Amino acid sequence: MSKVILKGGTIWTADSVYVADIFIQDGIIKTIGQDIQYQADEVIDLAGKIVMPGGVDVHTHLDAPVGETTTIDDFASGTVAAACGGTTTIVDFATQQKNQGLVETVEMWHEKAADKAVIDYGFHISVTDLYEGSMTDLGKVVDSGVTSFKIFMDYPDTLMLDDGEIFRVLQAGGRYGAKVCVHASNGKVIDRIAEDLVYQGKTGPEGHLLSRPPATEVEAVNRAIAISRMADAPLYFVHLSTEGAAYALAEAKDHEWPVDGETCTHYLTLDKELYFKPDFEGAKAVLTPPLAGEKDRDALWKGLRTGSLSIVSSDHCPFCFEQKKIGIDDFRRIPNGGSGIEHRIQLMYADGVVAGRLTPQQFVDIVSTAPAKAFGMYPQKGQIAIGSDADITVIDPDGVTKISAETHNMRTDYSLWEGWERAGRIVRVFSRGEEIVRDGVYVGAAGRGSYLKRRTI
Amino acid sequence: MSKVILKGGTIWTADSVYVADIFIQDGIIKTIGQDIQYQADEVIDLAGKIVMPGGVDVHTHLDAPVGETTTIDDFASGTVAAACGGTTTIVDFATQQKNQGLVETVEMWHEKAADKAVIDYGFHISVTDLYEGSMTDLGKVVDSGVTSFKIFMDYPDTLMLDDGEIFRVLQAGGRYGAKVCVHASNGKVIDRIAEDLVYQGKTGPEGHLLSRPPATEVEAVNRAIAISRMADAPLYFVHLSTEGAAYALAEAKDHEWPVDGETCTHYLTLDKELYFKPDFEGAKAVLTPPLAGEKDRDALWKGLRTGSLSIVSSDHCPFCFEQKKIGIDDFRRIPNGGSGIEHRIQLMYADGVVAGRLTPQQFVDIVSTAPAKAFGMYPQKGQIAIGSDADITVIDPDGVTKISAETHNMRTDYSLWEGWERAGRIVRVFSRGEEIVRDGVYVGAAGRGSYLKRRTI
Amino acid sequence: MSKVILKGGTIWTADSVYVADIFIQDGIIKTIGQDIQYQADEVIDLAGKIVMPGGVDVHTHLDAPVGETTTIDDFASGTVAAACGGTTTIVDFATQQKNQGLVETVEMWHEKAADKAVIDYGFHISVTDLYEGSMTDLGKVVDSGVTSFKIFMDYPDTLMLDDGEIFRVLQAGGRYGAKVCVHASNGKVIDRIAEDLVYQGKTGPEGHLLSRPPATEVEAVNRAIAISRMADAPLYFVHLSTEGAAYALAEAKDHEWPVDGETCTHYLTLDKELYFKPDFEGAKAVLTPPLAGEKDRDALWKGLRTGSLSIVSSDHCPFCFEQKKIGIDDFRRIPNGGSGIEHRIQLMYADGVVAGRLTPQQFVDIVSTAPAKAFGMYPQKGQIAIGSDADITVIDPDGVTKISAETHNMRTDYSLWEGWERAGRIVRVFSRGEEIVRDGVYVGAAGRGSYLKRRTI
Amino acid sequence: MSKVILKGGTIWTADSVYVADIFIQDGIIKTIGQDIQYQADEVIDLAGKIVMPGGVDVHTHLDAPVGETTTIDDFASGTVAAACGGTTTIVDFATQQKNQGLVETVEMWHEKAADKAVIDYGFHISVTDLYEGSMTDLGKVVDSGVTSFKIFMDYPDTLMLDDGEIFRVLQAGGRYGAKVCVHASNGKVIDRIAEDLVYQGKTGPEGHLLSRPPATEVEAVNRAIAISRMADAPLYFVHLSTEGAAYALAEAKDHEWPVDGETCTHYLTLDKELYFKPDFEGAKAVLTPPLAGEKDRDALWKGLRTGSLSIVSSDHCPFCFEQKKIGIDDFRRIPNGGSGIEHRIQLMYADGVVAGRLTPQQFVDIVSTAPAKAFGMYPQKGQIAIGSDADITVIDPDGVTKISAETHNMRTDYSLWEGWERAGRIVRVFSRGEEIVRDGVYVGAAGRGSYLKRRTI
């Protein structure tokens, strides 16, 4: 039906950089070539622009109950923000509550997303409560296209599974071809350190940092790898933040163990000094694991270049400052999470490619191609190639982006990158061939996103 | 009062080998020299014999409740067997039951030992239940000379502490100068694997082996090291059995972390094939962790030579075959433990020194000097030097020892080394200058052992 | 001028696998798409066929003096064989003789290749003799498109440079943006071991194996890495054959040192047992380093998957059996080298992809894309993308290939893979849009190859 | 004949610390005990003093041709200084000149030492020129008690052997039971870097530092280990100075390879900043390898504690400042070497034990026991035990030592530790029972030292 030609842009893929036209028909990339002569409904000149596969963000928490509150972005506001930031696919975490069925959990998330999401979306299922028959239910969930599970080694009182339960979920992952995502921090030790800090009167946001030393992550990473090998199942680490974790993954990959991991925008760009800001401002940066220091950031960038880490996600888990104040007297009650679904691609482009830390190919891979491959969506998503969905993000390398809570599309009333000005501007975004963002403004229809039934591995 | 000269023996210490006389007065080594001219009540000719410091066995379970039964040797039979085997000091595990106080636990063990033990003895305290005030009680226990704690990462339903509790005990260890001993196996994962095996109908003794793959030990070792570093406390691993564990300790020592470890006689000399013997015979070898294979044994011997492991204990935890039969229908109910307090020195001499795996100095170190140093008893114990207790074991290198349940002094009705014949024979043993074993027979008084108040570190 | 459509093949690149048409104009890939409607001189149906970028072989020795003889394939026979085997680009080693100028050496190689080569070719320069002004001459050589140097740590009497000279060449590489290729074996030690073997009467071909234990390669690899870091210059290892070398590169890459390496077809597919064949047959396998065993082969395959190794070359260095007989009385005189330029792609396809050791993308990368990138030829060579040279190899996955000296196009009178039958058959090869091989027969013009001026790094 | 009792001192050995009397007869330790009642010619009260085995310095260069000059201490002045510093045994390097026989070299050194040395001495043989029959001569040299060889990987024009020759010497070491000592620096690369520096006009003493980056040592260490493993021979590294070297040895020891190493007093106590002192003062610190920085020093101390390094020697190679001036226009001509035979024990006591970096046992081991063991002199030397030579050094822990060229007994006219004041004072030294130093003054007879025929390993 619809025919569009994107003309003369510089195509960036995970493998190549070259100049070509892209011919799109009915939402699918049909032809790539020099000076394509086909007839089209629309020909869009992209000379001088960077044309890349739309971003794939595999770690978001929209409309999600967290601690004593709920994240402030729902699937409407969250996916509009994602789209404006060049992301055209998300995978959100459907999180089981204690005493809730797994199938029921996924259904609840379908309701949250349907008619609201403006880009394509899938779900992971977070398993927090094993019940009689839960392993069978995991199989049903996989059949419905939710082909990845998440387990927590943290938050003992609400979300954590013990090592035996983790082993069981990993076994199920191996059996069903589902990838198990791990939140790796030793929650039991963390709780004790936090207890000590509160006892010593250290109740402010910096307590969040101090109660979670890097070793609490590194230990859990090593333990999860060990258990996954006993269960003979592949593993994926969410939101890694430390040098020690990157090193552990490098070692595992040298041994060809099927282990993979992501870090997040904020770990690559922000410093732990934020926790020491006065007036409870530090609470804005309370997310888990906490921000680290320069040595860790350098190791994470290096990990992305050497392949020990392969994905950057946003871990978008947004709260307003008022929500953060739940923990004003005790950092343990501050809702954990930050908002960044909108800035992931921009910041990786600027602080990655422009700053010389990543090649264009590495950049495209970590924000789009690798996550699509890792979670059963490739080559439908994450690639500019014949037959792929025409999910395309266009960057003007001569543009400039200034980040501010006043202008961003997320509902949070602050930004961790407030005032940052960076080279490059996302000027157009296409989802299945349809232009949904122009000049930074969402111009698509409401609720146009589709559920993505993902493949097993 | 009493004056004895041990004449012309070849003295083996952890540092040297040389020929000399030893002059003992009132149970203390007073003089070492060539051709000592002092007057003595007795002069014992030891020409051609090996004269070494009496063995120090820091891992025994005498008169100890284990699972659904109790170990078969009490402090009388157990220490007589120890003495006959050349061991003159033991440190036994006083194990807290759930809902039992720590001070009370130690008192109970004093009662078990008093008037029964024939050699000097100390206690570790196994902490299995943290209660309000338990950390304060640990301080009291330390003050009474029980300067080491043990924690379990295994047996979730009875003995295991969670990682946060382990952190607390380690903090206490650091604060009080007490060494924390760790039983490192991931009990939660083991229980799940065992559950699977029983579900598959594999209920025999080999299930014990199969449910405890080496990675369950290695993971726990790495985790314990990580937690001890967060708690800033020294650590001691009991009964290590795998190459991976030896490697983890080597790495920790290269970093100068205060980590140390023991292996046991059976891991160095016996093979896992024992679990596959017919007629439930495999149950005799059910001890934890299970026996491993040749690769692991080689790594353990190597670890003793390179110093990643520094001690060999017996982990004497004796049961009769009848007791083992509690688990005839389910290997999980077989009482875990083996008996070997009597053969540790003999086997390390024969399979270590005679077989060329250890130097004489290494041998003396791992069975006597190093354990005395590690647990606050050196140089009173574990050394032949001026001022040390005259605890001395004499080996006839030309003698031969044949091991059999029919002849051993332990109460177990089988031996894991039944029929083994080895070079070397322990011919005399002195405890505080008093000859208590002659020609393999206990000749000392009943209940002559003293409680050893150990130093902190 | 010429317009060709390759219709409906399954395109394999280093990044993707998808079905599409390729439109080629004047030797360049102009368009890739579904159902391309352009007019063309020729439309070739490739449905069901694998369509991949033509192979790039960066390690050949054509018409090359080696020891007391000369390789048997010249640029005519060698490149015809390469083409028939699906390789469309080679980089050959121009090897300086003692007392020969570097510029003169390259000129000599231009003469050897011109009007003979049937595919595109470039040169490396092997530096064996540093003279006054040689570093300046290296600059001239680089300007002419020879942007990589080779140095030998082997063959002390003829080719080897000492560590100081290696340092100098590496400095020049860093300064000029040229990659330094290293033949890593400790020649001085090898010569002594060989001397001992001959002294002991072991003069047969197996002496070649025995005189070159794996450690002679591993040591040299580690030394070269150390020197390159002191010279601050990138490094490329030719013909790696051992687990230890793969491990050293993995470690270097984890540190982001600019080190890369190749292995060769024969190390991945053949065993050292060949050296023990009777009747001097072992001499046929005398190439350097020698073939290794299964453990090494596994490590090399693993290295290709994990990225510690990134390229497979042929190290085509062909001799007839008669030439090998120069060393009939002393293995040290056997010309070192094997012939395999024709079978590299076939064997990597069969023993890599079909055997499940490599993904299609990995296969394409290691035989075509990665070598083109590593040596300044990408994306002109090594890629199927808009703007690239239409160098394309077509494999029939349903075909079968049988290797034999009787049928191969190389001039060698034996094959190391004699009688091997493997799945897959190379049915068509295109060079710059021109079909030069059909059904395994060279159908292009003589001497049609062009010199490739390569880029610096 | 003579009978002496050393009364009530605190005996420090490599294994223990205890208070006892020592009875010496005819130069041999006969008895150790509490309150020894034997009759003696002399009873010396050492209450409150530290009594340790006399120091063993296995790396000295007395009366030795180096570059264009000769070391300023001969066997008379050098051994008097050693004795005053608490060292009672040295092993000096007999260095072969090109075209000189090995047997002849050792004879020459016997002439240098005889009737001059005041303490017992042995020789290593430095092999710098392999000739027809040199391997046989090495056997003769070993038979004469010179049971260790040294080879240089440095100084290409004068002393260096190539890797093949090193292999040959290692083979001989393995065959004869002689330990091969290695000077590990990549001399070929160093010469090129030095060449560059001089070309750039950097001719001052700091050029010595800059031309020898740490990697030149680390590379050579790894290479030597690799070659020794191929030759199946044990190895000893002299004068290690870098973290990388300590790490390489730790790794080798974890693998039980027979590799051992020393560092020297100056690497543990002095900083590379000395090279930047004005007025050619930096030349005083020109020794090889050069002094390093804090990170390396920390690693060397750590290496001594963890056992990767086991010995501290002086590498006494003394020159007057006037001799250093040979290199005033070109650092390459500055004679390499420093003087420190007199301060090794004092500085290791103060900066090791008093500063809390070493235990008393570790201190005694690294300066006395370990070198005696490593080079075939134990337990005759390096131990306080029955039957050992009564070589004994007495330290007053309440004394203070001030180092100055004005007061030291070495002939050098400067001290690298000028003005240092340290706790502890060496008050008495006994050699074979004879008191040769009292209150810091040599009181023994001239030329009283004996040649030590050392054992093989």
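The chains carry the letters A, B, C and D, assigned in the order they are written, with residues numbered from 1 in each.
To be clear about the criterion, a residue touches a chain if its C-beta (ideal position, glycine included) is under 8 Å from a C-beta of that chain, and two chains touch if they have at least 3 such contacts.
Please read these numbers as outputs of a predicted model, since none were measured by experiment.
A.B. asks: I need the common contact partners of chain A and chain B, sorted by label.
C.D. replies: Neighbours common to chain A and chain B are absent.
A.B. asks: Quick check for the class: compute each chain's Cα centroid; which one is farthest from the centroid of chain C?
C.D. replies: Farthest chain from chain C, going by C-alpha centroids: B.
A.B. asks: Measuring centre to centre with CA averages, how many angstrom lie between chain A and chain D?
C.D. replies: 60
A.B. asks: Using the average of all C-alpha atoms in each chain as its centre, how far is it in Å between chain C and chain D?
C.D. replies: Distance between chain centres: 51 Å.
A.B. asks: Could you put a whole-Å number on the gap between the CA centroids of chain B and chain D?
C.D. replies: 41
A.B. asks: Give the residues of chain D that touch two or more other chains, as numbers and ranges in rising order.
C.D. replies: Not one residue in chain D touches at least two other chains.
A.B. asks: For each chain, which other chains does it touch, given as pairs?
C.D. replies: A-B, A-C, B-D, C-D
A.B. asks: Sort out for me which residues of chain A touch chain B in the complex.
C.D. replies: 156, 162-165, 167-168, 186, 188-189, 191-193, 213, 215-216, 218-219, 222-223, 226-227, 229-230
A.B. asks: Quick check: in the complex, which residue numbers of chain C touch chain A?
C.D. replies: 13-16, 18-20, 23, 30-38, 250, 253-254, 256, 302, 305-308, 369, 379, 383, 385-387
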